[in-house]
Structures are given as C-alpha cells and as structure tokens.
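Okay, so chain A shows up in both of these, paired with chain B first and chain C after.
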Partner chain A sequence: MTTTKILMATTALSMAAGLASAQEMANDMTLVSWGGAYQKSQVNAYADPYKEMNPEVNIVWDESSAEAVAKLRAMNEAGNVTWDLVDVTAASAIRLCDEGLAMEYDPEELLEPAPDGTSAEDDFGDLIVSDCFIPQIVYSTTFGYRTDMVGDTPPDDICDVFDLETYPGKRSLEKRPINNMEWALLCDGVPKDEVYDVLATDEGQEQALAKLGTIKDQVVWWSAGADTPQLLADGEIVMGSTYNGRLFSVIEEQDQPVAMLWDAQVFDLDGWIIPAGLAEERLARVKDFVRFATDTQRLADQAKWISYGPARASSAPLVGEHAELGIDMAPHMPTDPENAKNTFLYNYEFWADYRDDIDAKFQAWLAQ
Partner chain B sequence: MTDTTQSGPMLAADGTPLKRSLARALRMQKIRALMLIAPLLLFVLLTFIFPILDMLFRSVENQIVSSTMPRTVAALQDWDSESGEGPGEEVYQSIYFDLFVAAEAKEHTKLGTRLNYEQTGVSSLFRTSGRRLDDIGEEFQDVIEDVAPALKDGATWYEIMNGTGGEAVAEAAKERFGRLTDERARGDLGYVPSADIAQMLPHTTDAYADFATFTTFEDGDSVAEEDPWEAVYAALALDLRDPDTRAAVAAYSGPGAEHLQAVAAAQEQLPDFTFKDALVDADKDWGNTETLRTIQMYAPNYTSGYFLNSVDLMKSPDGVQARPENQQIYITLFTRTLIMSLVITGSCILLGYPVAWILANLPMRTANMLMILVLLPFWTSLLVRTSAWKVMLQQQGVINDVLVWLGLVADDSRLVMINNQFGTIVAMTHILLPFMILPMYSVMQTIPPSYLRAAKSLGATNWTAFWRVYFPQSVPGIGAGSILVFILAIGYYITPEIVGGTKGVFISNRIAYHISSSLNWGLAAALGTILLVVVLILYWAYDKIVGIDNVKLG
Partner chain C sequence: MKLVTTNFRPSQTFTVSVLAAAGAIAGLLVGTSQGSTLLGLVIGAALLAALAFGAMAMEDQERPIRWAILIGFGLIGFLIGGVSAGVVGLLFGWFFGWFIYWIGKGRYRAHLVPYLTPGQVLWHYAFRVICGAIFIFLITPILVVMPLSFNAEDFFTFTPEMLRFDPEGYSLKHYQDFFTNSDWQLSFRNSLIIAPIATIISVSLGTLAAIGLSQSHVPGRRAIMAILISPMIVPLIISATGMFFFYSQIGLFLENDIGLSKTFVGYVKIILAHAVLGIPFVIITVTATLVGFDRSLTRAAANMGANPVTTFFRVQMPLILPGVISGALFAFITSFDEVVVVLFVGSARQKTLPWQMFTGLREQISPTILAVATILVVISIALLTVVELLRRRSERLRGMSPG
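Entry: the complex of A and B
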C-alpha cells in the first residue's frame, strides 16, 4: 500500500514539477547544516523520507553552516563549489545573495503551494527576506534561568537580566552586539518602535553600551550556542541567552531546573540557499529535494524533533507531539501566542548596514 | 702538438675541457638533488607559499571600486570634496549607468559590502538603489516607445546602432565587462557600433555596447533579437537633451533615422528630471556628499586603508587620523597578544625546565615512562584539553569545589579563574608545555654529567655548578623551546576563544572573526601581515641578541 502511495506521490510530484523533474538528476547531493539536534530533525523530517522515495539518491551531510559564508566564498573563488544546498540564517543568506554566491529563485516555480492552494509566496509571507532565501524555521534567541537560583519571584521581564539586586549572579550573553544592544535600549527606557532609530545614532550606541556596562562584570560572553545550556546546567550562571531549541532540550530532554523567559525574544529565520552556478543535473536534484523538503507536511514534521516553528503558515496547525518525548510541541514553539506576547524580529536591513560599525565599537568596549 | 695541449685548457678523457666537464657533472648532481626535493618544493609552493601570498595581497587590493564603477571613478577625479559643493550632474549620470551594468552583473551589492566597511549604510544604499534603477529607465522608455513604437523592438535598435567604424567603443565595453565579471569576453560580439551614431549619441552607444556585451557573453543570446535595457532608453533621452544633438539627429539619414527623429521631435515630453534627483529619490543617501567622498577616497586600485585600520588609524579628507576612541581595539589586542605570549613562554620555561632536567638525568627506563606522561596530552585533542580546563577552573568547577570543601574559600566568593587572562595563560601553558620540554630535554641529554662533577670537585657549590656550568650549556634548548612556544602562542586561536572571555582574547580571534563572520578579508589579511612581520622582527632580534646558531633542537 505504501508503495502505491509513494508511487502516486512521485507521479504527482513529477507532473507538478513538469519538465524540471523529467530531466536528468544527479544522484549525489551534499547538504550543509548545523549538526546536532537541528540536523537530526532535518534528517528525520526531510532527508530520510526523501531517500525512501528516491533510493538511488545518496545524501552527504556537512556540518559547516557556522562558517558557510566564508567557505562558500572561498569555494567560489577557487571555482569548485562542492555543496548543493546550504542551511544558513537569514542574515547570512542576505549576505550570500549580495555577494552573488547564492542563487535567486522564484517561489512560485520552486516551492510547493499549501494544501489549500495558497501560493508558496503567500504561505511563507514576509519570511522570504531575500531573493535567495528559502525559509525553513523560525527560531528565537531568548533567556533561560535556573529555577532554583531565583527565589520565589522568577524573572518574567527582559529587564530582569539587568537587575543585579533581585537576581544576583552571572548571566551569559552572546559575544556580539546584535540582540544585546536592542535589549539594553529597551531596558533603558527606549520604546520598542524607536529602538533602531536610536541605535542608528552614536549617542544611542553609547547609551546601549552604557546600559550593558551596568552588568558587564557579571556577564559570561558566549560564542557557541551550546555554551549557555552548559553554563546553566553547571549552575555557573543564573540566566543566559541562547536559541530556544537549546533551552528546550535542557529543560525537557535533560530535565534540568531551568525555565524559559520568553519576554522580548528575538525571532530569527533559518533556511536553505542554493549555491550559485550549480551544474544542471545537480541543480535539478536540489530543486526536486527542496520542493519536497519545504512542503507543508515536511516543515510540520520537523517540529516533532525540535522546538522551532515551521516557516509556513499552513504548517502551524499540523504541529503535533514530540516524536520521542511524546509531549505537545505547540506550547514550546517561539511562535505560540502565549510565548510571543512581546517579541522582536531581527532587523536584517539595519544590521546589514550597521553590523561592521557597531561591532567595532562593541568589541572595543569589551576589550576595555 | 704537445705544446698546444699544455698551454690550452686541461682536457678530460673525452676531449672536452676539464672545467666544463666538471661543471657538467656538478650540474647533473645539482639537478638530481633538485629533482629529489622538487615534489616537496612544489607542494610547499602550491599549498603554502602561494595561498599565503595571495591572502596577504588582499590587504592592499582594492580593484573592486574602479572595476565596478569605472565611469564614476573617472568623473569623480575632478571633484574637490573640500569645496563644500556636491559633485555635478555628470557624476550622477556615471553612477546611474555604472550601477545599472553592475546590477545586471549582480556585482553592485558586493561593492556595497566593500564600501560599508568604510562608511555605514552604503550596503543598503547599493542594494535598494540597485532595485530602483529599472524604474528610472522605464520612465524614459515609456515615453520613447509611445512616440516611436518601432523602438519597442530589439531588432530596430540593432538596425540603428549597428554599423561600422565604432570598434573602439565595443572594445571599451568588452574591457569593462571583463573587469567587472572577471571573465574575459572572448569571441565575436556580433555588434559593431556605427561610428556616426557613436559620435552623435555617445551615451546611447556606450549603454548599448554594454547591453550588447552582456547579452552576448553573459547570457549567450544574439544582440539583434534582444530588447535593450532600460538604461539604453535613459541614455538616448540624455543624449537628446542637447539641442546640438537634436539638430544632428534631424539631419541624420542612416538606418532607422525616422525613429530617432520622432523621439527628438517629442523631446519636451521626455521626463526632464536630473539623474541626481532620480538617484536621491531612489535613496536619499545619494544626496549625502559623504558617500561620494568615500567612493572617491577608495577609488585607487590599491589602498592603505586596511593597514591603517589595523593600527587604529583611518583615512580622512585631512589625511591619516586616529580612529575615534570608542573604535580603537587592534593596538590593544596586538600588545596583549605579545605580552601574554611572553608570559606563557616564561611560565613554560619555569615549569618545563625542572621536568626536562629530571627526564635527562633519570635512568633510561624511568625517563621513557615519564616521557610518555609528557607526550600524553599531545595525543589528546586540543578541544578536549581546553574544555577540560573549563571544567577545572570554572566557579562551580573542580578546583573551586576543592577549595570550598577545604574551607579555604567561602562558598559565595568562589575564585574567578576562567574567561579572563588567567584562564588563557593556564590553559595555553599546559597545551604548549611539551613544545618547551622536548627541545630542552634533547639538549640536556647531550650535557655530560661529568662537567657538573668536575665543577663540584673544584669547589663549586651546587648553585654555582648549576648556574655557571650546567645552565649555559642548556640555553640553546631554552632558546629553541622559547621560539617554538612563543610563535605558536602568538597565533593561537581556539584556546583564547574558549577560555579567554573578553580580556584574554588574542589578535587571531579578531582575524578569525573578519575571515569567517564579517567577511572583511582585506582587514584580516592586513592584521595577518602585521602579525607575520612582528614575528619576523622578533626572530631577527633574537638572532641578533642570542644568535640563531645557538638554537638546538637536539
């Protein structure tokens, strides 16, 4: 029965894709991702089902997403791009698109429409932040805290991070200005909708650094997403920022006394880019895979394995239970209404412009 | 007969002069020796020297500005940025046509990223205006196609523009294309600009030649069949703004003259906005002279900007200036890297010397056992060793736990031993220690123990015997170990990144950041070059003071 189903699905797919799938497709495909639980969710939700449908395909994973932009640039200069599909954050995708390293695509042509017929472009909506970016998930950078170190009044406001009196102890922040500067301004009385206007000025940047300066002695700066969960588990810090999926696994999978502080979480996107200049056969295979891997069901399936929100609006109602823990995943999604009362969206345009400038100031401030 | 042989050069057995014969034999030997090392030499050259030189070269390379905006760079040459006035309309026209071509090649955003390192905001300026260029051209295109419907068709355009005698224009366009895309434009363009048209409508011919080059070489299409870019219409409208040109068009009788005349006759209907207004409308930053000054300042093919930046200086219209204080970081990092590397080298000497001494003076069997203990960490992954230090040193870590358990430290005032300079020094000393012990050990092994005994039998105290007899002989080992450890330490990256916090990071961490995150490879290359030069200078100084001949690895 499953064979007929698969057969039907493939026929439907090839009919939908028309000529594209009729042409020769390469059988080897190198996918680049982040490793760890995230990559596992992709293997389970997209790659394994795809291989079941296309047993001739051989998928190789490369865990290089963290350095993807630099590596892709070097590969491109050497004239030998060995990657077929690369998982990057939206900011990196914009950068790769700017550099001409990623391929621009047409959502209507490449991506499957939603089951109810909504076009892919509308289904993904604003999340297609660049002409090269194929969104997969919405994740957020937010805080987790040790429940046993905060007394009877657990923090529920982002500004509690800056409150050393009520919540003494170390906190961890990412070693870069992005997010930290916004949180600092927000807690220094700047209204949410003016944050970026203020941050664009020298005085605003000074103000944000001054606010961060009030807790500088108590901050452990992290550069890898795994640092904060580890520090929390060791009891080194009382609270710290990291990606919400990492905190989920500390809380639910490792059962540590940690809880989430969703206030002022910063949404960011992660998705695929197709490197520019792929040979025709490889491109055909990648397109076929991407079409499958970003359809409504597949994106919803991914949420069974990791607590990141699917990028398609039509996937949200399909999010079910965690495949191994059996807990309902919806309340753990950053996009859940209960969690998303006060949120920020990473301002790609702003940071593309100000990143170099503010980072220079931030690093100089750190080194002082 | 015999006289001549004696006065002439000495001959070998085969009759050739002995000198030449010897030289040949030697040359053969040399070639054979060279052949033997050739694989290694080539390997080192190809995989090490060339890539490094190529990377270092990026620290001054700056062709991207002039190859992406050649006309703008030329037009900006005459502009005095100090005059307080913005540049003239001609500059904005050049910007428009340059950007249009660059946007077609998708190169404009690259330049935006490059210039954004120098001036915040240029990145999005180029990105947004790249999207708006078509709109500007379309305003002209709509009117032109209204008054001369035949100009909707690419074939008509080709008929008008194609001719003879304008090869120079086509060559210039090909060269621009080559510089912009890094691809040589090979083969037949399929279009020869008409000399008459080129003289009468220079902008149009330029824009059409650019369009033709791209159509042929980038897209692989035939020029005659493709509809020209919006920029070509804009260029035609620009050319026709000149009354002399309109008069020339009226008198022109070449192919398609009637279409051009129709457009010229309707010139009043064409939009009459300046390109400056159009660009400022697309993005207000074009009205900011600061932006144009940046383009002008970074126009040359080679720049000292990256090097200035890496020593906390910057270019400004008034010459080289110090960066604002809140952006100065590199000098601090360079000095910190040097000082901490020295401290690490020093602590390696202090800790390594006794160990090497014991190893050298124990019986072989025990020494070998101990040697394994020295080498054991060597065989463990660097990351594992560094992370292990994290477990040891952190506030809830092993050392603090023991101290608290012993009652030496109160539970609420645990020592901070990581994420600072102390953590970096401890972890790096541990990691680099074998590099110090091994050369010291092999040098100490060669010092005969009888020297010490002789010194003592002559009445020296233990200390004098050690200090005056033993130590001087072990200095070459210390020297070799110090050079190894210092040079390794100065370029260390992963350990400071993990345990260094904010005060314990090295310059290499910034280099890594610029290579992999900010993609400012020029700055990374400049920082790397400086680091390399510093090491070479220190090596030279070491050679002058201690003498490199005194260094022994065994």
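Entry: the complex of A and C
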C-alpha cells in the first residue's frame, strides 16, 4: 500500500539525514557568551581568526552566560559538563571559583606575555580578581538619554536621574540593587568614599531605598541588557541605565537620538572561566584557544567591534578605529579620561557579603 | 420560500441618534489619540448626526454622497496626521458612508425574518460583532509582528518612516540575517532534524499504545493510559528537570561505554525527550478515532487469513489514518515549538529555533525574531492548508462531500 511505503521512506530518509548531519562534527568546542553585539565582537576578534588557523575545530556558541552559574551547577551535579569556555562577569567568576566549578589557572603558563615581554600577570594586573578569572574587557554600567526629550540642558550629573522636575518622564533601571543603591546614596549626599560603609548598615539601605522611592513610579525595571536600548529607541523613557557598549551601538550604529551620561559610571569586568574537570583532550583545545584569544592583539581587535576597554594594559595603545564605521574608538571607551572623570568602583567584596540580604530587601521594596 | 423583510424604514430620529452614538465612539478614540477625549466625543457625535441628517435628506444621491464622505474623512485624517492617518480616515469614511445608509434605509433588517423584535435584531448583530472582536483579539498579536519584521531598524518599533509608508522605513535585512546568520541556520537545521524524527517515534509508539489500550482485555488500561499521557499534564519544567538528570546518565553511558560521539548523543537525547512529549497527543487522537472503528473488520480480515500485521496496515491503518495524521501534526508542533526541555537537555550544538528565539529575545531584541516568526506563521498556514486540501481530496475520492 502506498501510504505505508511513503511512511517507511520518510522514516528512513529523515533518520539517515539526521544521522549524517549529527556525525559530521565531533571536534566541537562550546563557548558560552552573552549574545548580541558583544558576542559578535568575540566572533570577529577571536573566533573567526582562530578558525582560520585551526579549521578542524568547530566553534559552537551558546548564549547562556546570563544563567551560567545555575547551569554550570546543574551540569556538574549531573556529571555532564557540555561547555568548554564560559564568559562571565567577575562576580560570577568569583562565585564559581569558590564553589569549585571553575578551574584555577596559572597566568604565566596559560596566557601569552605582552609583546614587550611583560608577563601576563603584570599585564592584566589587578584585573585578575580571582584565581579562575581570565579577564577580557572592562565595561561600565552607565546612563543614556534621549537628546530630543531633555530640552536645552542635557543631563550631565548622575543625580539628574533623580530630578523629576527638570527631566520628567520614565527612566529605566536594572531590576537589582547593585549600582542602583550606590547611585541613590551618592545623590542623597553621601560622599563617594563612604557609600559602602553607609550601605552596610540597615539605615543606609533604608536611605538608599527611600531615595529610589522618590522616582519609583517613574521607573521601568529592566533585566536584559537589550531592554534599555529598545526603550530609548521607542522614546518610552527619557534616560536609562545599561552597559556602555549597548549604548554605543544605539548611538553610533543605529543612529538613534541618544547620548551618554558618563557621570558616576560603574566599572565592572568580564572574562572567561574554564569549567573544572574537563577531559584532557578538551582542556588542551580550550587552553590553546584561550591563549590565542587573550593575547594583546586579539583584545585590542575586540575594541574595533564594541566599545569595551581591553583588559590588558598593553592592548590599550593598539585600540584603533571601528571596523565598519571607521570612527575612532578611543573616545567611546569607558576608560577614556574624558569619560572617566567621575567613576565609581564596584566593590566585589562588599556585594559578595551583602548581596543576598540586600537583594531580599530590594525585591520586597519593589513589590510594595 | 424564506420570509424576509422588505421596505422597512426606521424613523429619522432613530437613524440620527444611532449615528450620533457611533460617531461619539469613533470621536472618543480619535479624540483620545489627539489629546482631548471630551472634545473628540462631542465633535464625533455632532458630525455624524449632521451627516446622517443630510444623507437622509438626499437619500437618492447615495453613491456621490458616500464618495464625498469617504474622501472627506480621508482628507481630515491626512490633515491631522499625514499619510497613515489619511488611510485610517479613508477606512472611517468608507465605514460611515456604508453605515449611514445601512441604518437609514433599514437594510439591517433586510435579511432577517420580519417578526423579530428590535431587541432580537440588536442581539443578532451584537453577536456577530462580539465574535469578530474575539477573532481580532486572537489574531492581532500575530498580525502586528508581520509589518515589524520588515523594519529597517534593529528595534521593535514602528518608526515614523514606517507609519508614513516610506519605502526607506522597510527592508528585508532581517530576513537576510535569518538566511545568512550561522546561528539561525544551525538552529533551523536542528529543528528540521529533531522535529520529524521525534514525530515519527511518537507516532509509531503512540499508535501502537492506543491500539493496545483500546483492546478491552488489557488489564489496568486506565492506569497505563494515565501514565502514558502524564507528560502532557505534569508541568513542563518538572518533566524537563527530571529529563535533564535522566538523559545525562544515558548520555554518559552512550558516550563513554558505547563510544558514540557527543554531538550524536546530544541529538538522541533531545529526540527521545521530544518523542515522550509527543506521544500523549498521538495516543489521544488515535484513541478517539478508534472509538468509531468497527472491530468486526479486523475479525473479518483474520477470517480471510490475514495475519495481524497485514490486518493493521491494510485494514485498520487506512481507517484511523486521519487520527494518526492529526496526532502527528500535534507531535511535530510540540517538538518544533518546545523550548524548556531543549534548554535543559540539549547543549548549544543542538539548539533549536525556539531556543535561538528565546535567547535572541533576551539578549538582543532583534527583529530577526519577528522575521522568523513570520516565516513560521506562513509555513504553519501552508502546512494546515495542505493537510486540509489532502483531506478534502481523499473525501472526494471516497465519494463523500467535504465538510
């Protein structure tokens, strides 16, 4: 009967097709990153050149960095770690390292020295904040505003975010206490060097939440880095915080009427960790890739695609022009002296100790 | 012969007041969007009342008056807000031109039996309006993404250029991105590998299970049935968590003890997991078809010397095929749409379209997702149309009327 034959034929065909395409790749290396423009910069700066040199390696990208800690825990529990290299923020790297989920490494052995012979350890300097963390970029969380919605006096102070009279309209803030609490205290008259001391007390936390409370009904809370750019492009908000690279993309690549408010930008680090317990063959492959991807030239190349500062001191002078737009990238870096006039240093130790506590208070306050 | 009303004329007061009410509603909408709700309401009511009065006074001039209303509304819209508002104005004009005469000349009763009370007439049309509103409610979210997928910018925003119907505001670049971007291509291929194979497995197993469970002599039928359809009832996130640990072990066994490649094992895991999710749909649809299946046919086949396998393929299968196919469609869609289990069980090499859409939406709000969604909607419509056409064809061949 024809139906039966057709059914059999389809079965056989799709099985064969499935098997064929499944068998073709055995030399996969799974890199975990954040997606979007950031991942594109990594593909262009490291992955594509690496593939050209090593055509047998097949790089697969997984956009799971946002839940890297939870997923890596589960994979470890199930004894089946499918990731080879994971891009995480410094804070996550510290947690993963403490839990034994990330591999400790020796910078001298794993990483390439700078071209002038400076050791990798000195070249990265303080940015190696954990024994497992291989720094890649310095980024900052800062504000962007709609140039057509702020009148003749564009905001130039972080406290303008809290000024509803001069700049009426919605603003977007990240749906977590980190950064928001610090900014609130800064604008409530707390001197910069005392912010974390104040924030360590219950009264200080109340004070920060009270300051945030003054704009609460005008705040749109975001959880993905892409939210604020979308809201700014829609004109739904006057200003909003997000990662500086996303704002660069909105302003220069998408040509939206948006400008940066660099005041009190908060620096943070992002880099690789190698999951603990990789099989020898996979580990060797990943180490070879990391050595290539974190050398001075590659880190400088990444800055051609996105406005994040390279983590190596020796890469900074090599930062050139945007690969497609041809504009000079240096003035768009968060570390540029003009932009870094007033910066705020994110305190890893403080947040490692207080995060759970303040998180709970913040979420409770949000729900009120 | 059907009883229909002819020559029914409502009073002029009725016409004018109905039109004033309709105008008030339309004016309310326009007024709100222009910043003054109350003013819009008053102007809308007055304008439509006046128009209705005038149109009824010159009712033999229906065609020119309707044209005048159409163009007048289009012009007003254009003056208020440019080309797109002009188009909306034309739609309003067309509607009110028709509505004035539909009410005024009593056409709304033309196809109804004459003994209906005004309340019944009102309900007759209110019912249709409600049905239409529900339909719009269901379909609008899908339709809205379609024009946005042609956006020339990388945001989910109707740009001013798009609203002006300026060709500059539209582009196919998100479609181009879908067809050239290796991430999207990988996930599309994966979906096309995983969904059909998972469907075939769930159809084979589900059909066998349904046939077995429909035999009256099977002990504990209800309990077995309940277990088999449990993947449909248990919250997906719970199945997914269980599957993650279960298939991790199986995967390790296949990789380390049997020596299959990691990639291949990854596909096997997802295909099996999706087959499990698809089986309940097949069981339910096939069981439903089997209710109408005449057992004496299999006995007759056995009587003529056919073995059970021949009986199944020659007698039973063709008759229950509609149930099997609709079960297969459900199983396919389940696998094709599924994101939770893939996120748990799969690794990046096996990412499917929904996975890619999910991460794409979270990490970068790119209209490529809308382009993919549009393509998928078109494919689904095409699939359903093909199935429907095949069904009609087979019914025609069997001498039944489609219905």
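To be clear about the criterion, the second predicted complex is superposed on the first by the 341 of 368 C-alpha atoms of A that agree within 3 Å, B and C clash if a C-alpha of one lies under 4 Å from a C-alpha of the other, contacts with A are read in each partner's own complex, and residues count from 1 in each chain.
By definition in this document, a contact is a pair of C-beta atoms (placed from the backbone, for glycine too) under 8 Å apart; a residue touches a chain by one contact, two chains touch by 3 or more.
This is a predicted model, so every value here is computed, not measured.
Trainee: Touch check for A:234: first (chain B), second (chain C), both, or neither?
Mentor: It touches chain B and chain C both.
Trainee: A:36 contacts which: chain B (first), chain C (second), both, neither?
Mentor: Second partner only.
Trainee: Contacts for A:51 in the overlay, against chain B (first) and chain C (second): which applies, first, second, both or neither?
Mentor: neither
Trainee: I'd like to know which partner A:80 touches here: chain B for first, chain C for second, both or neither.
Mentor: It touches chain C, and chain B stays clear.
Trainee: Report for A:60: first if it touches chain B alone, second if chain C alone, otherwise both or neither.
Mentor: second
Trainee: Between chain B and chain C, pick out the one touching the greater number of residues of chain A.
Mentor: C
Trainee: Enumerate the residues of chain A that count as touching chain B in its complex and touching chain C in the other.
Mentor: 66, 234
Trainee: Show me the residue ranges of chain C that touch chain A in the complex, using the header's touch definition.
Mentor: 153-157, 183, 186, 189, 193-194, 196-197, 200, 244-245, 248-249, 251-252, 261-264, 266-267, 271, 313-314, 317-318, 321, 347-349, 351, 359-360, 362-365
Trainee: Give every residue of chain A touching chain B within the complex, in rising order.
Mentor: For chain A paired with chain B, touching residues are 66-67, 69-70, 73, 95, 97-100, 170, 175, 206, 220-221, 223, 234-236, 349, 352-357, 359-361, 363-367.
Trainee: Which residues, counting only chain A, touch chain C once they are in their complex?
Mentor: Those in contact with chain C are residues 1, 3-4, 10-11, 14-15, 17-19, 21-23, 25-26, 28, 30, 32, 34-37, 39, 60-64, 66, 74, 77-80, 82-83, 224-227, 229-230, 233-234, 254.
Trainee: Can you list the chain B residues touching chain A in their complex?
Mentor: Listed in rising order, the residues of chain B that touch chain A are 106-107, 109-110, 112-113, 116-117, 120-124, 127, 326-329, 332-333, 336, 394-396, 419, 497, 501-503, 505, 510, 515-520.
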